[in-house]
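We call the chains A, B, C and D, going by the order they appear; numbering starts again at 1 in every chain.
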Amino acid sequence: MIARRDLAVRVAARTDLSPTCFRVILETVDEVAAVPGQFGMLTCGVGFDPLLRRALSIAGVVRREGVTCVEMMVKEIGRGTTLLRHASVGSRLRLLAPLGNGFTLTAVEGTRLGLIVGGIGLPPVLFAAEQLAARKVGFDLYVGAASGAELLEVERCGKAAAAVGGELVLTTDDGSAGEHGFVTDALQRRLDGGCAYGRLLACGPNPMLAALTRLARDRALAAELSLEEPMACGVGVCLGCVVELEDGRYVASCKEGPVFSVDRLAERWWP
Amino acid sequence: MNVRLDTTVGSLKLTNPVLAASGTFGYGLDLLEFCPPESLGGVVTKGLSPRPRRGNPTPRIVETAAGMINAIGLQNIGVEAFCREALPQLRVRGAVVVVNVFGERMEEYLEVIDRCEAEDGLAGYELNVSCPNVTAGGMEFGHDPVPLERLTAICRAATRRPLWVKLSPNAPDLVATARAAVAGGADALTLINTVRAMAIDADTRRPILANGFGGLSGPAVKPIALRMVWEVHKAVPAVPLVGIGGIETGRDVVEFVLAGASAVQVGTAIFRDPAAPLRIVAELETFCDDHKVARVAELTGGLQWR
Amino acid sequence: MNVRLDTTVGSLKLTNPVLAASGTFGYGLDLLEFCPPESLGGVVTKGLSPRPRRGNPTPRIVETAAGMINAIGLQNIGVEAFCREALPQLRVRGAVVVVNVFGERMEEYLEVIDRCEAEDGLAGYELNVSCPNVTAGGMEFGHDPVPLERLTAICRAATRRPLWVKLSPNAPDLVATARAAVAGGADALTLINTVRAMAIDADTRRPILANGFGGLSGPAVKPIALRMVWEVHKAVPAVPLVGIGGIETGRDVVEFVLAGASAVQVGTAIFRDPAAPLRIVAELETFCDDHKVARVAELTGGLQWR
Amino acid sequence: MIARRDLAVRVAARTDLSPTCFRVILETVDEVAAVPGQFGMLTCGVGFDPLLRRALSIAGVVRREGVTCVEMMVKEIGRGTTLLRHASVGSRLRLLAPLGNGFTLTAVEGTRLGLIVGGIGLPPVLFAAEQLAARKVGFDLYVGAASGAELLEVERCGKAAAAVGGELVLTTDDGSAGEHGFVTDALQRRLDGGCAYGRLLACGPNPMLAALTRLARDRALAAELSLEEPMACGVGVCLGCVVELEDGRYVASCKEGPVFSVDRLAERWWP
């Protein structure tokens, strides 16, 4: 496993990406060797409330001139993420990272990969897309959101897909941009139309992942999902974040995940 | 001047008074690069039962104001796997290991102890009779002095190693359970386990935890834990106590020690900071040096009532 | 659509379910420009004794993580001064006033009630049998079902007004005290009072509060309070409950109501925000409208156990 | 009483005054009519930890162009004041103010007033000094601190005293600036030398106020002290902040104080 560390980081920049989502760049002098799918546990307050760090996927890592910039994309949903949105540039936080496993990024003979994103599920998948593009592994990228305004980083997504001749498929629940409907519906249409993917990599809200699981199981497609369970420690010691596997065992998603192959997951895990 | 941090809990010698608490530090080997187990006073294992336990369904945790509620339900690998997989490494490292023992019936506690008695390199046992998150075992022994004394006595007969009993803050009469554990032969008492609590999702109108109830821990409970340690210390001053509940800093350790603890355990703080126990040892050292304390042990019970 | 906030606690009708808690809102007239008493479901007075009480020496308060410990010791102006000075103004304003009654002996509770019976414009009584900060009275009635039932019955005989009993979270058996209060004739139960707690000054090696111990309140205790309300509601489902402990938002109110409360009280939150009870009423209204709740009262006990 | 309000304020500026003390300027559109000695309860975090507001004396109020600037001077001693020191300019806080009573600022026939400050006791006394200067009421100003570096706003103090021909007496515990010793010793020397004050106004740490009380009582001098008790509410409803009076009663220092005349205070109140 790649060495995790409790990094002293500085909020170097914050940009709005949509009405609800924003980007944070965290700067540290340490090197961070993260792979797509891994996450970090970030402090978001100073006192004991909120008590726990928040789990955030790593959207990218860039090192230059002795400084590492870790990119995260965050949706403001509750107290921790609101604090983060209002943290001033220059604030000092701590980031325990990189944690967990990552997506399998190898090519599958003769097919492309299918990358599927729902909403704020973008960061690990975009990180994967950019690394696949750099390695010239072909993929199509499906990105769904509630509305056009909530589609994040469309240009960057298009650029990554284009680099390997892949398609960027956009969908919105309200039809205000891209195809109308769920991102899994768009995927299904392409599959029905003869598109073949050697492996699906996905992150998004549970209902989307549930739909995707059914789709993948029905068609015996390999698929890896990045799951989001409430986490206290992020390092496997609290057992709060467990996911049920097909054999009935509960495993810590912060250690054995957050990326799981659909065929390992208990069916009743899906809501 | 440098404070001497070494202390004793009954017959057990510790290089410093800070242990990692049960259920918050795995089996002692998960956070090696942040907090090597041998650098602490000791580590208390996740509660071990005779056979592996799956634990409760999810959600198992929820954050509250300055605290968290957990209902893990004692998921553990079982005493056999612990002895085979974790213990040898802990032994090599020279860690002081206290096994947190859990059973649904009295015989199960004995099974765990018996299996451990076959092993070297274990410092002692902590009986978990206070877990609020399981239906059988746990609380029913911890809330009623009569079965508690019996359970303690049975376990006492099974080992010569130090035997600690971990008390429940939810017991009707804390001091009575303390006395019962001592009467049964406990060498020391650990307190407190988590406080029975609940969180509700106003949107879905359901409890947030799958288990409904859970146990509250973290800084929120510290003032309650401190009061209980002092109450038990006043009631049974000769009995060594291990204080626990919301400890986050070296100063917190001093407070628990003044209230009567000979050692302390750090739990939830580890989730916020994987190096918490080690940091706390360093803070404790600095505090003592600044306050010209020659030995931490001399502070135990040193609270001056106004 | 607009939710109907009116509700009842037994026979007492309230325009909304949010009251200001005893000891955190003076005699109802201190925060007029932030929170006029008549705009609330009601106000509970600071605990009143037959004669004025000085209360405890200082320090009386200390902040803790997401909470505070107080040991005020029931300083109050006495029932006579209350009836002469505060009550007439509350009456003119049309506030619903619940008198929090305290005595060191049973007769003292009666003295307070008798004096109040001479007055119009009082909605009811809340017996404080759970104050952790006084040596006589308070907890001794609240912890043992036998004297509690007797005290309640004696007070019941003295008035036809609604009679609430405020339960202690420190009682050995909460449900037994709840049943005792009901057996004695209580119309409703208020819970929880503060949780016995302690804070220590590591520098001086003394308790921070002059009284040594005190009572913990605020968001830190909310998960404990919520659990207790639900436990009592399950045990005595027909008895109206008034929920209290760490309530800071309208959403908190919904949680207490789902757990079984017919109304709630807001305490420590007032210290952070003098308009807290009024703000909470507004938040409750918004929540209910957003969730298409027609009447707040229909939520009482609506928690769906998983 | 002057109307108190729960003001929405903005941190407009923050300046270091000494190694441990800093100034905060809080801006609000509302008018604030405060008198010297009054204080405010300021929020200093966003979550529930720290739970309570912090009491801070008002050091001055300026209104211009529809904006009120409330000045406070703060010593960093614990969690709340540390948060405040690190609050970014632009942060939004709430200030419940003005609270409590104030010093008596009227002239006493034929004498000057004596103003005595210990450490962070400066804000209410400097506020008083500047108002007395504006009203041409004579006073001498005694300011004590642990060391020269901890003497706050010396120029401003000098200016206020000079405006009415008064003396500024500086003392330090370590002798690094001004007279060596406690500020109460300097006062005593002046009194012994024949200086007469019609009224003393003071704020500072309890040991200083205790020494001053003895001095004032021994010589039957009128003296008003601004006391500092731990406060939860600041508005008289918690009864946490009580001070014992000579008649044995406990009164809320946030309402009947924080300024008390020495002759009202119980002797055993002094440590």
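Here is the rule we go by: a residue touches a chain if its C-beta (ideal position, glycine included) is under 8 Å from a C-beta of that chain, and two chains touch if they have at least 3 such contacts.
In this text the structure is predicted, and so the values were computed from the model without any measurement.
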*Intersection of the contact lists for subunit C and subunit D*: A, B
*Within the chain touch network, how many edges lie on the shortest path between subunit A and subunit D?*
1
*What whole-Å value do you get for the distance between subunit B and subunit D if each is reduced to the mean of its CA atoms?*
47
*Using CA atom averages as chain centres, what separation in Å is found between subunit A and subunit B?*
36
*Residue list for subunit C, restricted to those that touch at least two other chains*: 64-67, 218-220
*Which subunit D residues touch at least two other chains?*
47-50
*Counting only chain pairs that touch, give me the topology of the graph as line, ring, star, complete or other.*
complete
*Which part of subunit C faces subunit B closely enough to touch in the complex?*
64-67, 69, 172-173, 195-200, 202-207, 210, 212-213, 216, 218-224, 226-227, 230, 246, 251, 254-255, 258-259, 287, 291, 299, 302-306
*Give every residue of subunit C touching subunit A within the complex, in rising order.*
65-66, 219
*Spell out the residues on subunit A that touch subunit B in their complex, using ranges where they run on.*
3-6, 43, 47-53, 94, 96, 229-233, 235-244, 248-250
*Taking the complex as given, what residues does subunit D use to touch subunit B?*
47-49
*Which residues of subunit D touch subunit A in the complex?*
45-50, 79, 83, 88, 90
